[in-house]
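Multiple structures follow.
Here chain A shows up in two complexes: once beside chain B, once beside chain C.
After this line comes the complex of A and B, so read on.
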């Protein structure tokens, strides 16, 4: 469709405004992450968007290297929380994807588990806060408090509805001819699922998995309740990073926040094409 | 849900069950769904009973007795009657709805406006699109910290306001009850408009080009095309997008808790923040269980109702 020049000007102006508003908070955190202490809480005329004396000290600090300015010793460095975040998010994704994909296929092809769509929607609907009391009691009983595997298990369950629903729509829309051809040639149904369906669905599987990973990586509340010391995740660790001696450790927290924000943003942009396709699979097909 | 939109294909595919579901596939279907069924049972079955039991007592983890012995502090339905008179609870519920009522429409309108600008190709579209999606991928806790910094009284938000107005503005956003709520809403709108944008744009792109062209040829102007062709076509998608945001805002915690901790006082305390505080600070778990159960039951009824409506719409559409 052709548009008038006036429309084009309006469009670029509107988009420019949206871009500025989108980037502003992010840029401030990036800038803060590279600021030395004296610039952390500069106000008024001293408030700068670009650090006057950019430094990597904030990053060094959270990884435990003492720097000239930051003499406070960290009780714990960021390594362990990063490991905790990675392990719990990755294995949570594995749990959600394996169970969710299998169940979605079972329902989509064989009509098994007809209760699951509603049950999982309800699971997705509930505020995690409203089921945490029994979870905390059970996790304590099973010795899962403050472990990455305990976190992975609850992450797997919390994101299971996502994996299931995404994969279900993919399976529902997938043409059956390929599978039928393999069946005619004498493959068992399980073999067809493993050798034909899953490889064909590589791209949807990958984008669903990345989405689930992003969701797990982004959690704060559950880790806040289920971890105490050894396996706190990055967001919990970041929030706890301030002491009575130093007050808010603005720069250090910003550095950590930047590190935490990078993986999901990159992954999200990487899967954005599949993400849209995944979200609109049914609606886009005319 | 969205499958109902695929009008020609769906009607034919539905009755076709080739090859017929035999014993082998029924067994395989059972096995494939078993792990998920077990996980659902694990997280819903037993915990629900436990929650129901505890909710009828005054049990707290500080009591020094296991939860199974909670009957020692049995209080019948006192927790539930207390809830009716709990001002803090009603306040939290009210505030959650206020946030919902402001943020969901704001996000929807902003996203719809942006999405219509992105419908056809123009130079720079792809890179702009990627950048605009970034906020929804930022870890919510980190987004909370970003806005915590932005809204400091000497922070950049006031800095920009000062530069624009020429006055030295030093508003303490996060310590003022009303402004703190506004700040929390701004953060939510910043982070989640992109999600709505993504979903709505996908829906708009799915609107068949030839229909729009035909309408243009017949002399329909932009507004007519928008309201008579595009909006009806993306109705389902719109409902889904809105539902997602309503559900998510009902749970709102991370961003808000990092920004204000529910404060000042209880000014930004939402349902999740309130439950979190009673759980970790007051430690009255019997009461928390009662609150949680009330929420679970209310939401379950809503979910069943919504599913029924959706099925009805689906069947009605087919017939």
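After this line comes the complex of A and C, so read on.
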């Protein structure tokens, strides 16, 4: 199909606008991360895109090395929140993917629990805030407040519907003949699932897991309510980066934000091939 | 190396009956084709033999052993799927070795078998390639190889050639026949392509709407169709059928075909059978290849409406109320609008009861 030049110009302009809207804040964060305090503080001089005196002070600061300009006593460094985020997001993803995949497979292949999909999706029908207070009470009762495993558990529960629905769609699309071919050869159901189904489904699994991980990694609200001191996550820790002297520590926040963006980006690049295949899944030619 | 018996086999899906009481014996070492249009129940029958579906009624016996409740992995069947069902995350070699490995064969035995089957199916050059990137033709060879390698006593193929291209299909027809000759399995082959059934099968089971219509050798089914469905379905083009009524003439019993005129007298045995059958309304049938086309004289009167020249032969469509096709020589000299007369070879005439659609058989 040939499009008119006017349409092509419009198309590229639209793409450029969309990219600008999404990328400019990220670029600004990158810029901020490398600026010294006079350049990012509220009282600072005129703002520039390129730092005039680039520095790594912001990064040093969040990891506990105080610098001459930032004479703020940090209660704790970013090490522990990074660990908390990693542990809770990774294990939350594992919980959601293991349970979600198993449930999706059972439903897709054997049709048991016909109401399960809707029961699970209704977990997403109300705002998380509506259930967070009861969850807080339960977690307090179970002694799970301010623990990374308590956080991982609630992350797994909250993202389970996503994992389930994504995997159910993928399992529905997977040709059953592939499994039947292995069953005819005398393979047990469980072995078929482990040795045939999961390997064939690795692309959809990877893309679902990445999506779930990003959801968990970027959570703020749940972590804010369920952690207090020992296991606050990166977003919660980031919110606390302020001082009475300088107000919000934008440079430090930007530095930490930049670091926090690294895991999803690396994972995304690593499974990029699978991501595309996961979205256009089809294990065999029809 | 196994006889398969289907006894009163029934399959229902909810209210829908996919297969109505089917009885069939597939003999030891036989190549049986289940032939019929889509939705005729042939794949359902096959899936029940494999154990993928449970029958709603009736029994499946392998060498007299009831297979009810025997899981498919324990039935000793090989199954080739229409869409190959290749394990795309494995190499060609791993795909071939899968069955033998599942059966706990030794390393050296697996290697020997993989080598043999790869040679036989010309898969040797791509043994260590990932199977995801192979062409459709090679995938289908691989699918056949993966099932054949364990030398199953029963080999089930579900429309294995319907996705491959025409030239390759012709090659595979020959190869499959060779394969069966070599391993002597009992082979059940589901297809809607009568050419595949006619060329490969020892016997054909023709099915329609969940009912077994006829079982016989390709020639039996072709020459003596049991009913109107089989007559129309087998052959390309299918048998010509003209509605008519039995009529007494001075030269013996014939069929009054309305605007076509009166047919030549029926052969004695057919005439006897027709009068014994009682009903007068019949369908008068003959193969397009078994009639001669004349411009003049005795025969069924009609007019040419279309001439299809397909190279070796010419298919002439003639009409007189309903259309009949005649396969003539490639240089037949007739054109649209010509008045012609058709003379079916007397021995090739078949009669069907118009009400029951069953064949009326003489002799």
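Assume the second predicted complex is superposed on the first by the 259 of 286 C-alpha atoms of A that agree within 3 Å, B and C clash if a C-alpha of one lies under 4 Å from a C-alpha of the other, contacts with A are read in each partner's own complex, and residues count from 1 in each chain.
By our rule, contacts are C-beta pairs under 8 Å (C-beta built on N, C-alpha and C of every residue); 3 or more make two chains touch, one makes a residue touch a chain.
Treat the numbers as computed from the prediction; the structure is a model and nothing was measured.
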- request: Tell me which partner A:196 touches in the superposition: chain B (first), chain C (second), both or neither.
  value: second
#### Entry: Contacts of A:252 with chain B and chain C, given as first, second, both or neither
neither
Check: Where does A:84 make contact in the superposed view: on chain B (first), on chain C (second), on both, or on neither?
Finding: neither
For A:178, using the defined touch cut-off, is the partner it touches chain B, chain C, both, or neither? Pick first, second, both or neither.
second
* Asked: So, does A:97 touch the first partner chain B, the second partner chain C, both, or neither?
  -> neither
Using the touch definition from the top, say if A:157 reaches chain B (first), chain C (second), both or neither. first
Which partner chains sit in contact with A:116 here, chain B, chain C, both or neither? Use first/second/both/neither. first
Between chain B and chain C, the one with more contact residues on chain A is chain B
Query raised in the report: Between chain B (first) and chain C (second), which does A:130 come into contact with in this model arrangement: first, second, both, or neither?
Result: first
Where chain B and chain C land on the same part of chain A: residues 180, 183, 188, 283-286
The answer for chain B against chain A in the complex is residues 1-6, 9, 18-19, 21, 24-26, 28-33, 35-37, 39-40, 42-44, 46-48, 50-51, 54, 67, 113-114, 117, 120, 122, 128-143, 145-147, 149-150, 152-156, 159, 162, 168, 190, 194, 198-199, 201-203, 205-206, 208, 212-213, 216, 234, 236-237, 247, 250-251, 253-254, 257-258, 271-272, 275-276, 279-280, 285, 288-289, 291-292, 295-296, 299-300, 302-304, 307
Interface with chain A, chain C side, in the complex: residues 50, 52, 71-74, 77-79, 81-89, 98-99, 102-103, 136, 139, 143, 146-147, 150, 163
As the complex stands, chain A meets chain C at residues 175, 177-178, 180-188, 196, 199-200, 202, 283-286
In the complex, chain A touches chain B at residues 1, 3, 8, 11, 14-15, 18-19, 21-26, 28-29, 32, 41-44, 47, 49, 98-100, 102-103, 105-107, 109-113, 116-135, 137-138, 156-157, 160, 164, 169, 172-173, 176, 180, 183, 188-190, 193, 214, 217-218, 220-221, 225, 234-235, 238-239, 250, 253-254, 257, 260-261, 264-265, 267-269, 272, 275-276, 279-286
